[in-house]
Structure formats: C-alpha cells, structure tokens
C-alpha cells in the first residue's frame, strides 16, 4: 500500500499516520461497534445481566485517543468501558466472557460490564461510581512521576462526572503537582436523562472548568477519529514533556439509551439521527476512500472480520466454563485469612485487535 | 383487593404528603423529567411542578447537604438516592450533619428530612453498586431508619417518615418495586396477607418503631428485614409442611428497634433465626442476636442463628451472587438447624 | 454628632453610613477582639477545652459583611465562628457560657467553640468539617427561594475549603438554579500550616474559581471594614435582586495560630507584624478621627465598654450553672423514643452588641 | 527500659518501612512542613524529602483516592487522616474502591495501602469531630483493621500493615500519642508491662489477627479495643484488690478478629465483658458478644456485658463527654455485675 499522507496540515500529527494505521484504527472501531451490537442482542436474550452501557457512537474517542498514546500508558474510565478495553488490546473473547459471567472473563465473571480490567494492556478498570475513577487516575499519574517513568495516564469521564466533588479535588491535585494526566471528558451531551445544560454550569464553555485550576484545555470533535487523534497526540506530547496536566472536552454522542433499559424520552429521534449522520466509522471510511488510501473492498473485509470477531466472542463466551463457586471467596484478600482463599488473575493470553503491531 | 405495587405505594405516600404540606418537596437525580430512574416518581412533576419535584446534577454531597440546610430553615425535603450505593459520596452530610444538628445546636435546629432510595444487592450490579447500608448507618444516634417489605408498609412508613421531625433513612428495595402488581412473583402471598394499603386514607401512617408479626407461629421466631421478610415467609410455608410453625417478625424499623416484640416472640418459641441482607460482621443481625441473648438467654433452647450475606464483595456472576445473598433455602436450613431438625 | 459623610465616592454604599453606624460597627469589632482575648486567656487556664479558633484580625469581615445584610438574612460559617455570632447579635454572655460548657451557652454547652448557633439571630451554625457548611448554605438559599422570601444567605468559608469537593458541588447547584447566596471566602492566606499557594491552584486569581460556574465575582480588602461593607452591600443588593449567586474573595489575616496549639512555624513574625499594621480596628479608628466623625475620647469609651463586656462574659460564664447530666439524652431526637428525652432550646434573652437598633 | 511514646512508635514504623522499601510514601494534611498536626511525622520530611512525605490540600476524597490509584500501580501509600472524623468525605474511595478492587478486577489489582489517623472521642471535640469508626468500617470485606493500644503494638502492627498487600485501616488514638513518655499517666504500667518495642529490630512485625493477653487472669474475661485496653487494665488492678482476677484480652485487630483467643479465655473464666468506644448498636462489641454466645454458650455463667459509649452524639461539655464515654469505672461496675459481685 502506498503510504500517501493525508493533505499536509501544518504540524498536524495525523499527517504522519499511514494508510495502514488508519485502516487498523477503522478496524478497531468496527470491532467495537459489532461487539456492542452482539452485546445488546445477548442482553435481550438475558445472557448478560445487571447494568450494561453501550459505547456505540463514541468509538472514535477511545480508538483515536488510545492510538495517540504510548503502548504502556495506563488508562482508566467509568462504566461505559467496553470500547476502551477493546481499543487498548483486550481480546473480544475475554470481554464477552466477562459479560456472560464466565471464568475466562477479564475479571473472571466477578466484575461484569462496568468493571473491565486488563493489567497486561494497562486498563485500570471501568468504575461504576460517577467520578470515582478521577482520583484513581491522579494516583496513577502520581506513581508515574514518583517512579520517574516517561508515561502519562488518561482518565476518561462523562459530562455528568463534571459535577462530582471528587472530580474537583482530582483536578486541583493534578494541577498543583503538575502531574502527567489527561482528563478526557467524553461529552455526549447527556448524563442518563439529563442534558448537560440542565445540570452543569458553563456547559457551553467547559474551558472555564479547566481554567479554575490553571489547567491546559483543548476541545475537539469526538465523531472524527483523526481530529481526536490530533488533539490527544498534541496533549499527550505536551503532558509527557512536563507541561502539566490537560483537560479535553471531546464532543461525542451515544446512539443507544443510557443503559439497556432507557426509553430515551429525553431526546428526539431527529437529534439522534442528526448525530448519526456524522458517524465516526462512516466519516473515516469516506476519508480513506476520498483520499485514495483504501478501497471499498478493503473496508468491507475489515467490517466482515469485525462481525466475525463479535460472533466468535459470543460463541467463545457461551462455551466458556462458568465461574466456579469457590471463586466467591477468592480475590477478597491478596493475603487471605479464615475462609478466604488466594486467587489467580484471569488467564488472558490472546491479543485483541487493538494491540500495537 | 386490587393490585397495588410497592412503587405506587411510595409515590402515593410522597404525593399525599406533598398535597398536605407545602413544605414537603422531592429532590434527586432523574426524579422529575425522567419520572424517576425506577419510575417511582412517575407523574409527580406534572402534578407539583419543577419547584417541588427537582432534578439534580450528579452531586449527592451537594443535594443531600442542601436538603439538610433547607430542613434547618423549615422545609421538609425528601432526598432520593437513585441507589444507597451512591450515598457514600455524601456520607459526611447524611451521618455527620443531619443526625447531630439538633444536638450540637443545643436543641435549636432539628432536621426533618427523609433520605430514600433502593438498598441491597441483587440484580448482578457488581461490587460497588450492591450496598446494604443497614449496619453502617443504624449505629448512628440522631437518625431513624425504616425498611419496608410490603406496599402497605412502604406507604404507611414513608408517610410517617415524612411527618417525622427527625432525619429518617428510608431503605427501599429495587427487587420489591413491582411487588403487589398482578403477575409478580409474590402476588398470591400479597393478596392472602392483605398487603395493599387502605385506599383513600390520607392519614394511614405506621408509627416508626412498631414491629409486625407477618406470620404468627409457635415453633421458631424468624426475624427478617426488608426483602428478607419474603425469604422468611416463603421458608415458613415450606417448613409448615415439615411441621415447623415459624413466627415471622418484621421489625419494619431498625432505629428505633421494637426489641420487645422480638423478645416476646422468642420467649414463646424458644428458638430464633435472624435474616439480614447485610454483611455479617457487626451487622443488625449481630445486634439483634446480642439483644436476644441478653434479654431471653434462659428462654433459648439453642443459639441464635444469623443468616447474612457472605462476607465477600458482591460478584457480578449470577450464580455466585445467589450463593452470596440470603435466600429462602438458607432460611429453611437455619430453622431446621436451630430447631434440631436438620 | 454631625452626620458628615466620608468623601463622596461614586455610588459607594458606605457613603450613606452615619457616624453612629460606623461607631456601632467599630464597637462590634472591639467587642469581638476583647472577647477573643478573654477566650484565649480562659483557654490557657483550661476553663475552655477542645478546639478553639480565634477570630482576631478578621473582625472587619464579619462585622462589615453582616452590617450590609438585612436583619434576618441567615448566615452560616465554619468553626472560626465567634466573630460572626457576636456580630449577628448573640450576646457575649451566651457565647462565653458555651465555651465554658454551661447550660446557658448558645448550644447549652453541647456544641462548643466550633458550633455556635443562634436561631433568633439567624446564625445557622459554626461547622467543623471543612467545606461542610457550603451545601447547608445552598439549602438555606433554596428554602428562601422556595418560600419566595426577600432574603439572601451568606455562607462563609476559609481558603482551605476551596479544595473540598462539597464546595464545588455547592457552587454548581447555586449557579444552575441562580440561588440567593453569597459564598464569602475569608482568605486569610493559610489553612492551618499550609499557605494558600501550596494547596490551591489559581490561588493568585480566585476569580477563576467563580468563573468555572459562571458566577459573579468580587474581591476586597478584608482589613478595611468600609471596603468590606461596600463590597458585600453591592453583592447583597445584586443577589437579592435576582442577579444570581456571587463569590467574594475577601483578603484578611488571622493574628493568632490556626487554633490554640499552633506553634506557627509556617510564617515569619514579620509577616504577622506587617498585616497587623493594617489592623481593621485601627484602620477604622484613624478614618473616624481623620474625617472628624468621632473623637478619641468616644473611641476610648467604646473600647472600655468592649473590655467590660468581655470581662462580664467570663464572669457570667464562670457563674453560670453547669449543663446537667440529663442533657446528655436530650436533643438527640425532636421526637424522642426509648431513653431519649425532649430538649428545650437554650434561653438566650439578652440582645448582644451586634443587634440592629 | 526507656521512654518510647506511642507517637514515636508510629514514626519509627513508617520511617523504617520507608527506608526499607522505596515504594512506601506518606501523604496527608500537614504531614510534611508542619511535621504532622500531632507531631507524628516529626522530622520525616527532612529525612525523605517532599517526594515521599507529601503535604496535601484539604481534599480527603482526592488524596485517599490518589492513594488507591497509586497502590493499583504498584506503590505502597500511607494516607493520613488528621482524624478519622475527616474520612467521611472520602467514604466512597476508602470503603467502595480500596477493599473491592482486587475482587472486581478478578484478582488483577490489589491495593496495598494504609489509611491511618486518630480515632475515637475524648478531648471535647464535639459531635462531628469525635468519630470512632470501628463498627462502621469493620463490616466491609476486603479491608483489614488494626487498633493498637501501646507503643509496642503501634510499631509492630503499623509495620505489618505497611507490608500487607491489602488495604489496612489503622486506628490510632490522639489520647494515647504521649503514652510511654516519662510523666505520662500510664507510664508505670507501660514500664511494668514492657510496652516499648524492641530497639534496633527493623523486622519487629506483629502479625495481623493475633490477639494479646495484656493481663492473664482466671475470673472474668475483659475484651477491650485500643484506648479501652487501658480502662480494662486499670479496672483489673482495682478489681484485683476485690479478689476478682480479670483476664484482659486485646484483639489488636478487628478484621481479622482472633475469635479463638477470646473463646479460649471465656471457656476458662466463664464470664465476659466487652469494652468498645463506639456507639452500642451493631458495634464490634455486639459482634464479639454474638460470637461468644454462639461458640461458648455453655461456658457462660452469665450474659456478656457490653460497655460502649452512650448512644448519643458526642457533647462538648467535659462532664457530659466523660459520662458518655467508656471509662475504668464503667468497666469495674460491669465486671462486678457479670461476676455477681455487684
């Protein structure tokens, strides 16, 4: 494949991306999209329980931002975590097995949809208490600085998390100690049934939120993978270079309800359709075709593979052994006593689609 | 007798009290325009408007503390936690400010407030979303705590809580919200035991601190709280076929706790099982057991058996969660064991 | 006494203050200063226990701000609350009786220094958890709006409270609902041994903290009573008029340690002396003398009275009856059960120096 | 034997472990430049520098959560709460994130962290500053809890806590910080009972979960936690003159709890008093009492008597606070009552 660069844009990082890079990222978005579609189906079939929050529509944020990071930069996010885990390298089999509550799941069936973890791919979890992951991310950044490592931590949060006290304390700590962290706000305009304007002051200008801590601010269109990549690559280089923490307002949109049981009366069908016109996958496909970087045939193959991976994941998860009863008392303590038993971390050998070449 | 789900009982209690007292208002996440994350406040925005049914940002410390301040000023807030698992970010406001304000102000500022929401595990919500807060908060003087198991109790206790001049922690159960609706699992027991609240009785209030004998019996006292009442009643039905006549006592409130009702029952049956969905260590079941030993030691023909959740974080996996939580089978086994019928 | 106005300053509210007003406010500051000096002395004599945080140096903030309020505007503050309670009208006798743990104290000896309350003077308490009073103040403002009353709530907080999550959540709630509240930050440059720069991002420009919520911001010299009065009067009129909440950064300084057991190694003696040169009481005295509004003799009489009130308060408190044992079980519940008993609020008849004429 | 205050034991434990393991660091309000609000970390900034002894803004949720994240990444944080009364604003991070991370990550991320600070009332600090958190947190699986009563235990247990790979809640006592210094109230008992930790023994570690018989005896078992151990020992000295030979058991850790040590003692003495500075309802004393009844019912010649704080918020007034808190007199009265010598 010819490594034609997209039109030169003064200093735009994505100019260095090859067609292969872009196709790999497109494929990752497709894998996430198809995985989530199978997840929804399995949930309707009651093969998945509890709360489940789909990432459909926001794929470019996870894929574009993670592509801009170093291979072992740690990330941490909230409960809408399937996309981040897959983009970071978790194999879809282990993700679906976790949703099915199986021992080969990424948390041995004990975490569930909201708690995907993958130490080998530096995924420090999905976390279910809104804003609760923010100080954890600051702690990871503190540890990076403490160990004098050349890494940064990306902490994802929803727009609803902007109003949690723990977010405020995390931003201030990161700012006063100039920690290597990016707070990436996936601003999908809603927290459950509450549009951002209804609950968040300065919703129209989130830069003011970062300015309260003297923190560097950036904003970008989260529906365009290349724009996400450029925005986060710039921030990552700046933060890694010691420029202090940064806050990114990444405008995105979720096509489904908040979770699997949301009648979505709070937004009009037209609004959803309007955002879907700027679908992140179609946007990248059009860019690749228009700039001659890929053929429709290549693109169809990628989607075919993505669908296959999702189907295989369901198959793998259905056939995987259930989590045995004695796992109830493992992993409660790293140094157990009394009825508790030492646990073994999940065995997740295979590499997922997102892993670096 | 008609269908009257637990969810409707909560809604009617709030609506009746709001009609009756202008100072009462409901505040919480998605309570208004979304009609409640669990449809408890369905239709209340239309009736009372956004001044009295107020949606909030996701700021529990902020709006719980707001409720305490408004209560000090003379209003009577109902603050909803979508789940009591989300109250930990507001712990200082609800267990440090609310229950102590009257005391540290030397009797000048009481805090007539109700904190309510879904409590307890079940439904595969995972480790951080499955809190049962009975033990942790019932130890704090200055608050009251109610935990209704039926639509009738839900309505009567919530009306009492809203009218009470002290902070009341009201522990509902997402697993019971549909209870009392035709087709629901326990609908037959609901009908048989007359668990619908009286209709058109705006003053139907159940005094806090009054246990109810949900099922009289002579052979073994089973004390159960909230959702666990239904495990106890189901177990009693099974045990009856084995010739063991259980007496199921539902304290309905943890603070104040109707200890006399429990002791009187144990004096009669000489055996006692306590069912509590919280973790075992220093739980409400531990307190009830200690009280029974202290006040009825000579009437006991065996130790008190406590049935709690297993002492582990809540797992997502369905089978493991069922293994962890109290259930009917565990109650049956406990009663057989305590009455030497194992 | 001639009611000469101070030099006319375009629209300055204080221009309307009479000499009598200024003398009354001076007297209030003196009463607070002398009261706190007697408090320190009684504490050294172990007649006062627990934590005790003196207001010496910050008198102009409480007196100047409260003078700019309506008589029944509610206020709420943190643990450094003696000055606010006295300025709002609590009689020094009941304040000192509380410090001595007596039944005639403003909380019947059950609250202590950090928990002064006075419903009749709209004092909603001193509160000991840093930032914990902020949402309470928002709740009071919400109730004012709910009842459609023409009042505002002033919530005082220290600079250390700016970093508590509960402050962030309170500011956002006040902003989105345009509640009638002033967040008055008593910026004495330190929280315990931590200077504001060490722990607070944007310490040099707290306007950014308010801007994060789109909230109106004002700043003034807290050592000058007239400037405090003007600043807060403007804000109070604006907030009362429906202009939405406001945040005030009032620069002030505490002469003593954080509490009674603070060796103050974190600041130089010179720094303390430098601030004392701008002492709020001396500043007003000089203004009154220089502009012929009062004679030195009048001023000395006020101070004489202030000293007397402080000494009387110690006498009253020493002679006051101790809080009887059965008060241990009163005021736990407004509707008691079991061992608990109904309590009676404290009997605080006399009016203190701060009460409006 | 020399003077070795409790405060110095804490400092040496932290300093020794920080010298031994680069991953260990101390963070909290005023721990560095101010040398600790209670002078526990005196001199540590000079030795380890600001990278490892870190002053924080007043943001407990922020820096406690930071500690949890840093521990997930491989560091071993010591997070100081100036007082456990200030941990409520961080409740979600310390009891929802820290103890459950290993479980909900399926064994991938443990959290080797110590939360420590002053616990318990005393000193007229008022209702919101007088928390004893034993009951509220000991019910949460996934954490461990230690509560040292002497300088020796403080050092041995804190070193064990820092080396432990799980979250440990370390409950110190401001009232005991000076204990072990010449001239301090209990200095004679401190000397007699050899409560100074061994000198120059960098590996002096007391295994978590191991109770200590602080005073052997045959007539009545007195189980006491933290500061209450000293009330129990003082009471034992007085009761000895009345011919009652108490055995004072200090569990030293609440989770894991050395139940066997308690049961073995009760089997020997047949009487049991439990002293716990927390509020009575669903307290650690309730749990210990329930366990003693369950495992030694036949060995008991009387009910277990629990001595807790009165079930009221902490008052400022000195006499009222003394009336509320457990103390030596109350222990003496309990032992006399339980052994039928009242």
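The letters A, B, C and D name the chains in turn, as written, and every chain counts its residues from 1.
One rule holds in what follows: a residue touches a chain if its C-beta (ideal position, glycine included) is under 8 Å from a C-beta of that chain, and two chains touch if they have at least 3 such contacts.
Remember, it's a predicted structure, so these values are computed and weren't measured experimentally.
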Give the chain pair, either C-D or A-D, that is connected by more C-beta contacts. A-D
If I average the CA coordinates per chain, which chain comes out farthest from subunit B? C
CA centre of subunit A versus CA centre of subunit D: separation in Å? 41
Taking each chain's centre as the mean position of its Cα atoms, how many Å separate subunit B from subunit D? 32
How far is the middle of subunit A from the middle of subunit C, if each middle is the mean of its Cα atoms, in Å? 48
Whole-angstrom distance, CA centroid of subunit C to CA centroid of subunit D, is 37
Subunit A: which residues touch two or more other chains? 107, 109-112, 115, 127, 129, 132, 163-166, 169, 172, 176, 198-200, 332
Two-or-more-chain contact residues of subunit B, please, as numbers and ranges. 56-57, 59, 61-62, 85, 88-89, 92, 96-97, 103-104, 126-128, 141-142, 311-313, 315-316
Which positions of subunit B touch subunit D when the two form their complex? 61, 85, 88-89, 91-92, 95-97, 99-100, 103-104, 126-128, 131, 134-136, 138-142, 255, 257, 278-284, 286-287, 289-290, 293-294, 297, 303-304, 306, 311-313, 315-316
Interface residues, subunit A side, partner subunit D - complex: 74, 76, 105-112, 115, 117-119, 124-125, 127, 129, 132, 134-140, 142-144, 146-147, 165-166, 169-170, 172-173, 176, 330-335, 337-338, 343-346
For a test of understanding, state which residues of subunit C touch subunit D in their complex under the given definition. 49-51, 98, 101, 107, 109-115, 127-132, 160-161, 163-166, 191-194, 198-200, 265-266, 322-323, 325, 327-329, 332, 339
Subunit C partner, complex, touching residues on subunit A are 163-169, 171-172, 175-176, 198-202, 208-209, 211-215
Residues of subunit B that touch subunit A when the two form their complex: 29-30, 33-34, 37, 55-59, 61-62, 85-86, 88-89, 123-129, 310-313, 315-320, 323-324
